[in-house]
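Read through the structure below, which is laid out as C-alpha cells, and then see the notes.
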Amino acid sequence: MEEYLKLFVASAITNNMVLTQFLGLCIFFGVSKNLNASIGMGMAVTSVMTISTLLAWAVYNYVLHPLGLEVLMLITFVVLIAGLVQLLEMVIKKHAPALYNMWGIYLVLIATNCVVIAVPITNAESHNGFMTSFVLAIGSGVGFALALILMASLREKLQYADVPKSLEGLGISFILAGMLALSFFGFSGMITL
Amino acid sequence: MSIEAKTKIEIDNLMVSASPHIRCDESISKIMWSVNAALAPAALFSIFNFGMPAFVNLVICIVAAVVTEYLILKWQNKPMVIGDGSAFLTGLLLAMNIPATLPWYMPLTGSIFAIAVAKHTMGGLGFNIFNPALIGRAFILASWPIAMTTWPISRDMVGKVDGLTSATPLGILKLQGYEKLVASFGDQATMYKSLFLGERAGSMGETSAILLLLGGIYLIYKGYIKWQVPIVMIGTVGALTAAFGGDPLLHMMSGGLILGAFYMATDMVTIPITTKGQIIFAIGAGALTVLIRLQGGYPEGVCYAILLMNCVTPLIDRLVRPVKYGARR
Amino acid sequence: MAHDAHEQNDSVFKVGINLTLACLLSSAVIAGTYAVTAPIAAKTRIQLDNQARKALVADAQDFKAIEGKTGWYAALKDGKVIAYVVPAESKGYAGAIKMLAAVSVDGKIIDYAILSHKETPGLGDKAEKPAFRKQFAGKAAENLEVVKVPSDKNIQALTGATITSRAVTKGIKEAVEEVSAFTADKKK
Amino acid sequence: MKNLWDIFYKGLFDQNPIFRLALSLCPALAVTSNVYNALAMGLSVMFVITANNVVVSIFRKWVNPKVRVPVYITSIATIVTVLILTLQAYLPDIYKELYLYLNLIVVFAIILARAEVFAAKNPVFLSFLDGLGMGAGFAGAMVFIAIVRELLGNGTLMGIQVFGASYDPALIMILPPGGFIIIGLMIASFNLIGQHQDKLKAAKQGSDA
Amino acid sequence: MAKSFRGGVHPDDRKRYTASKPIEIAPIPEKVIIPVRQHIGAPCSPIVKVGDLIKKGQVIAEAQAFVSSPIHASTSGKVVELAEYPHPVFGACMSVVIESDGQDEWVEGLPLQRDWKTLEAAEIKEIIRQTGMVGMGGATFPTHVKMAPPAEKPIHTFILNAAECEPFLTADHRVMLEQSERIVTGMQIAMKVLGVSKGYIGIEENKPDAIAVMNKACTGIAEIEVVPLQTKYPQGAEKTLIGVICGTDVPSGGLPMDVGVVVQNVGTVVAIADAVEKGIPLIERVTTVTGGAIAQPKNLLLRIGTTFAQAVALCGGFTEVPVKVIMGGPMMGMAQRTLDVPIIKGTSGILALSEADVNIGPERPCIRCGRCVEACPMGLVPSMLSILAERNAYSVAKEEYDLLDCVECGSCVYVCPAKRNIVHYIKLSKAQNAAMAAKK
Amino acid sequence: MSTPILILIVLTSLGVFFGFLLAYSNKKFSIEVNPLIHIVEDVLPKGQCGACGYAGCMAYAEAVVLNPDVAPNLCSPGKDAVAKLVAELTGKAAAPMEPQIAQVQCAGTHDKAKRSYAYTGVEDCVAANLLFGGPKSCKYGCLGLGTCVKSCPFDAMSMSPEGLPIIDPEKCTSCGKCVSVCPKQVISLMPVGARVRVNCNSKDKGAVAKKACSVACIGCSLCMRQCPYEAIKMVNNLAIVDAKICEEKCSDAVCLSKCPTKAIRPFVTGIVPGTENEASTALACASCAK
C-alpha cells in the first residue's frame, strides 16, 4: 500500500507531468485562463486518463504483447483513446447535459493530447502491472489538475496586474510556469518514480 | 493683509477629490526602508562574520537590483519610484540568502533575474506573485548548485575546523547525522549558543538568530509585519520536527528559518491579505520546510517552502475572506 | 468541409468502411516497414549491446550470456572467462539509475557504464564522466564506500552530488557482491 | 511562383507553430536542452507533417467527414510508427534519446491542424509545400530555442565548448524552469519586434499620407 | 472597556481646536442663498417669486414627493433672484436668494408654545414633515420618512448618534454640553412617535464631559441610557453604531429598520424638539468651522443659506491658502470647488485644510499590505475593490467582492500606504454598476 | 502466423470496430451544430466589441446564421469586406455600410477650456464626473482622462498632451464603444466623407459657454443663417450640421469663415483641432504636397 501511495505522490508532485516532463502544455496554457474551466479540465483529464490507461493496459497485456505486436502499440492506443473520448463525449452530451457543461466540453480537447497518451505508453514500456498503471494514471491526472488549478489561480491574479504588453498572454504564462517549476524544485529528491 | 482680505485669497483652484480628505503618515517607502533598517544589523554582522567577500556580494546584489529596477522603470516610462527602497530590499534579502563566497557573476545575475523577471514581468511592485529575492536565490541555486552549497566558515571557526569551507549545520545533520553535528560544535549547549549568536557556516544573513529576531521585533512593534506569521511558521517547524523526532531548537534556529519567517514569509505582496490567510500560509510554509528538510533532497527548505506557498496564495485569498459585517450574528 | 457533408451518403456502412479501409491501408504500410526493419533493428541492438560490453572489458574477444541470470554475460578471452558484465541498479537523487558493471573474476570492479538515469544535468550526470569512474577501477566491494575526504582506498563524492555518488557506488557494490557470490558458488 | 513561396514561407515566421500559433509546445521544451536532440526532433516532425499532408491531400476526396479525425489520426500514427521503426533500425541512438517524444508526435496539434486546415482542401503539391514550411518553421524554432539553452546552460553547441572552460554555465537553462522562462522571454521579444514593426509601418504610412 | 466594533482607524481627532468653544450665534447675513434641494430625494419646487417679501420661517419651496422635505426662509426679506447657484452636494441647484431686511421677523404665529405630551404620534409626524426636518449628521435623509417605518417592520430601539467620530467636528459635542435638556426632550418625542421604549445615546469616550452632562440629563428617565463608546472611526456610522449598541448587524442591503432600530443625529432631535414645542422649522444649525487654514476655529449657529465665505469670514478668515475646503468631516465630507456654496441642512462642518493636513501622495499600485482589510468595518477587501475598478471589472466587484456593502467610510483610504483612492474607485464602480443595471 | 500478417488482421479489425462504432453512435447521439456558425465566426474580426448588439462575435455569428432577420452587415469593425463575406455565407444581401469614424465633439484643450477646480483622484472620466461633473468649467466638454482610450478594443485612440483624445482613422472601426462609455456623450460617429464639423458640445447659453471655453459654440446662429443649403440647425444653443447635405451640395463652406469662435472647422479624420497633432499632421501634408 505504501508503495502505491509513494507512486501516487511521485507522479502527482515530484514528477509532475507538466512541470517536470512538459506534457500537456497546450491544455495547460490554453485552459488555465480561467479557474473554473481549469477545475473542469482537471477532472476531465483525470477521468479520461484513468479510463484510457486501463483500457490500453488491457489491450496491451492481453492482445498486443502476447501476439508480439508491440509495434502496433502507438496506433492502437491513439485510435483507442480518440474513439473512446469521442464516444464518451457524445454519450454524456446526450444523456447528462449538466455533467457535460461541467467538464464534458473539455473532452474534445483531450481526445488527442500528449498527457493522455503518454501514461499508457510509459506503462506499456515499463511493463507495469495493473495496480501500478492505475495509480500512475490517477496520480498523473491529479498532478496535472493541480498544476492547472495553481496556474489558473496565478493567472487570474495577474489578470489584474500591470503585465507589460509584450508579455501578455502566452509570454507571462510561460514565465509563471517557469517559476512554478522552480518552486517545485523544492520537492526534488523527495520521492521518485 | 487684513483678515477680511484673506478670505478673498485666490481660491478658484481648490483641490477636489473623493472622501476621505486626510491620510495617515504611512507610505510604501517608510515600510520598505524600515524593513531594510531592521535587516541592517544582521547584514553588518555578516560582514563582520565573513569579511570582505560578504561586503562585496552585498554591494553587488543591492546595486544590481537598484540599477535593474531603474533601467526597467525608465524603459517602460513608469513613474520613477526607485527611492521607495523595495528594489534595495530585494537586493539586500537576496544577498543575505547566499553564501558569502559566491563569485561575483552569480549574485549579479541572480539579482538582475529577481528584479527583471520575478518582479517586473508581472508588473512591478505589488503585482509579483513570488518573492523576488527568493526567486533570485532559487535561480542561483538551480544554476550553480555547487557554489551555492559551498559555505565559507565564519570568523570564529577559523583554525577550529579544517579548510575554509564547511557544511551548514543542517547539511551535516542531513548527511552525517545528529551526533556528528553536535560533535562538530563540541557539545549541545555550545551548539545552541553558536546558532543563537551566529557562529556557524551558512548564508550571509541567516546565521545570527539574535540579530534577526531583534529586527523582527522592531518590525512587529512598528506594525509592518504581523507577529502571527513568524511565530506560527517557526512554531510549526518546531512542533513538526519534535513530532518526527528531530531537535526542534536546532531546526528552529538553523537554516534560513528565522530570516525567512520574519522577513520573507511576511512580504505582504506575496502572501495572503487576511490575517487568517496568513496564518494558513505560515502553517503551510512551516510544514513544507520540515518536509523538505526531513524528506527532500535539500538540507534546507525555507526558500522553496515560501515559494510554494506563494503559488497557493491566490487560492487562499479566494477561499479565506474577512468576516463580513452582518455575517457574524 | 461543410458542403462535402451534404453530398455524401451518410449510411453507417459507408462511414464505417471508410475508417476500416484507412486502417487496412495503414496496416499494410506498417507491416511492410516492419518486415524490412525488424531484422535490422534486432541486429543493431545486439551490436550495440556488444559494443557496450566491449567498451567495459577491452580485452574480451567474445561475450556469452549466462544462463539463469538475465542480462549477465561472461567476457571470454581465448575461451577463458576473464570478467562478468552484469546489470546494476540503484535509486538516485531523482529516480532509478541503470548501470552495466564489469566485474573481474576475482571480484573487483573493472569499469561501469550508466545506461539511463534521471539525475540533475550538470551535477549528477558527472557520474558518467571518466574522472569519477576511474576511481572505481580495481576496487573490491569493501572499498566501495563514499567519503568526503579523498583517499585512494575509497570513492570521493562528486561535489554537490553526494546522493548520486552514493547511489552509483551502492549499485556497483551490490553488483560486485553478487558476482563474487556467483563465482564462489561456481567454485564449489 | 510568389504564391508557392508564400505557402512555404508563412510557416517560418508569420504562422510559426511555436512562437505564433503556440501549438505543440511540449517538444519545444522537452527536447531543446541540446541542439542535437532538437534538430533530430525537428526533422522528425518535419518529416511527419510533410508526409501526412501529402497523404491527407491524396485521400482527401474519399474521406468521410464523420470519421475525418480518426482517419487523419490513423494516418499520422502510421507515419510515426514507420518513422520510429526506421530510426530504431538505423539510428538507434536518437531513438533511445527521444523515444517517448517520438511517440508523442502522434498527438502534436500542429500536424492534425495542418491536415484539417490545409491539406484537406488543397492539392498534393501545395500541401507538400505547406507541410515543408510548417515543419521547417517548427524545426527552426526548436533549434533556435535549443541553441540558446545549450549555450547558456551548458556552454556548448552540439557538444562543442563555445565559451571556453572559464565559462560557468547556468544549469537552470537546461532544466525545466529555465526552459519555460526562456521561451516566455522569447515570445515576448517576438511580440516586441512585432510591435516595433507595426510602429515602423504606421510611421511609414503616416509620412506617406 | 467601552463598546466597540471590529476594524476602524484612529486618526488624530483634532477636536481640540473647537471642543471648548461655546456655540456662537452668527449675525444675520445680508443675503442668503437657499437651494430648493437640501435632502436626499426629490427636489422641491419654489413657491415664491422674485420681488416677494417674505418672513422668517415661511415656506419658500414645497415638497412634491414623499421622500422630500420642504424648505423655509431662514430670515425675513425680499426674494431677489431665483436661479441656479453652486450647491455643496449637487454641484448646482435652483436656489432662492433672499436679501435680508435686517428685521429677522417671524412668520405669523411663530414661535408658539405647545406641550408635546398632548400631541398624538401622527400629529407629531406631520409637524416633523412640515417643518422640513432632515438628518443633520450629513446624510440629509428626510426625517419624517425615517419616523414612519412600514407596519411590518416594528421598531423597538431608538439610538441617538452622538458619537461624532469624524475628526475636527465638535458641533454635536457642543450641543450636548449646552442643550442637553432639549436633546432629551427631542429624543422622548421621537421615541413617542416611533412607539419605542428603549433609547440609547452613544457617545465616544473622547467626550467625557458630554457623557457626564448627558448622564445627568437622563437621570430619572429609565428608558434612555447613555452608552460610552470606544474612540474609533467610524464609530458613528449607522451600521457600526447599531452593531455596537444592539449587538445586531443590519443585514446586507438592509436598513436599520430591518432590525427594529432608528438612529437619529443630535442636531436632528434638538430640531425636532424645537419644531414640536415651538413650531420652529429647520432654518439654522450648529456648524463647526475649523481646519488648519482657519484663523479662529469656532462652533457657529448659522442660518441656512449663509455662504461658506461668510462663515469663514466670521472665523477670522484664512491664515494660509487652503488646499481643500470640505463640507462635513474630513473622512466622509465633500470637497468643495468654491466658497460661494451655501450652508444647507446637512452642513455639520466647514473644514479648510492646509497642505500639511491633506497628506496626499502620488497613487501607487496596491502592495497588498492588508491594512485596508483590517480597517474595513464592513469586512470587505477594499484593496481588491480598487484593483478591480482600476481594470474596469466593475461587475466582478459587485458580484464577488460585495461592492454594494461598502459604506464609503474612508477608513481604507486613510490607512493605505500606497495612497490609493479606494473610495473613489468604489464610487466609480457603484456608478458603473448602476449604469449597467439601467441599460438592462 | 508471421507478425506482418498479424498486424494486418489486428489493425483492420480495430478499424472495423471503431469505424462502425463511431458511425453508429454518430447517428444515434448526434446533436447538429450548424457548422456555418463557426465559419461565420472565423470571418468576424473578434474584437468582441459588441457593436452589433450581440454579446461577442460568437453570439452574432450564431444569430446571423440561425435567424433570417438578422442583417449581415451589423459588424461595423469589419467594415464592408466582412459584411459582404457574411452575406455571401448566409445567403443574405448586404446593404453597403456607410463608413463612419468616431470623433470627439470638443476642442477644449487645457489652454482653451477653464477649470473649476484641481482634480485629484482616479484617472477616469466617469470617476471625475462623479465630483461635480468633473474639473472642466464647461459641463459638456471632454474631460480628457481617457476612459474612451482605455475602452477602445482596437487600440485606435490615444490621448494628446493637450488633453483631447486623438482617433487613428486607420484603426477606428466605428464600433461605438467610446461613444457609449463617455460620461459626457461628447463622442459621436461621423460619416468619413463629412465636410465640416462642430467641435463643441456645449448646450449652455452663449455667455456661459464663452466664459468656460474660448472655442465654444456660443449658439449665435450665424452659421445657420449663412448656410445657403439649410444644412445647419440650432438645437439647445448648439449648431448641428447635416453631413449629408454638406456632402451632396456644398462646395464652398461659408460656415467656416463665419463662426466667431472657430467652433466649426473643416473635418479631416485623425486631426484634433488646436493640438500638436493638428500642427504635425498639417506639416506632414505640406511636406508631401511639395
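First chain written, first letter: the chains are A, B, C, D, E and F, and each begins at residue 1.
FYI, a residue touches a chain if its C-beta (ideal position, glycine included) is under 8 Å from a C-beta of that chain, and two chains touch if they have at least 3 such contacts.
All values reported here derive from a predicted model rather than from experimental measurement.
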item: Steps in the shortest chain-to-chain touch route ending at chain E and beginning at chain D; value: 2
item: Each chain counted as touching chain E and chain F at once; value: A, B
item: Chain pair with the greatest number of C-beta contact pairs; value: B-E
item: Furthest chain, CA centroid comparison against chain A; value: E
item: Chain centre separation in whole Å, for chain E relative to chain B (CA means); value: 47
item: Distance between chain centroids, defined by C-alpha means - chain C, chain D (Å); value: 31
item: Length of the line joining the C-alpha centres of chain C and chain F, rounded to whole Å; value: 67
item: Chain A-chain D separation of Cα centroids, rounded to whole Å; value: 22
item: Touching two or more other chains - residues of chain F; value: 3, 7, 10-11, 14-15, 18-19, 22-23, 26, 116-117, 120-122, 127, 130-132
item: Sequence positions of chain E contacting 2 or more other chains; value: 335, 337-338, 360, 365, 390, 421, 424, 427
item: Touching two or more other chains - residues of chain A; value: 71-72, 75, 79, 83, 86, 162, 164, 167, 171-172, 175-176, 179, 182, 185, 188-189
item: Interchain contacts, given as pairs of chains that touch; value: A-B, A-C, A-D, A-E, A-F, B-C, B-D, B-E, B-F, C-D, C-F, D-F, E-F
item: Residue ranges of chain B touching chain D (in the complex, touch as defined); value: 103, 105, 109, 117, 121, 139, 142-145, 147
item: List of chain B residues in touch with chain F within their complex; value: 12-18
item: Chain F to chain C touching residues, read off their complex; value: 3-5, 7-8, 10-12, 14-16, 18-20, 22-24, 26-27, 35-36, 39
item: Touching residues on chain B, where the partner in the complex is chain A; value: 76, 117-118, 120-124, 127, 129-130, 135, 138-139, 141-142, 288, 291-292, 295-298, 301, 303-305, 307-308, 310-312, 314-315, 317-318
item: Residues of chain B defined as touching chain C within the complex; value: 145-146, 149-150, 175, 297
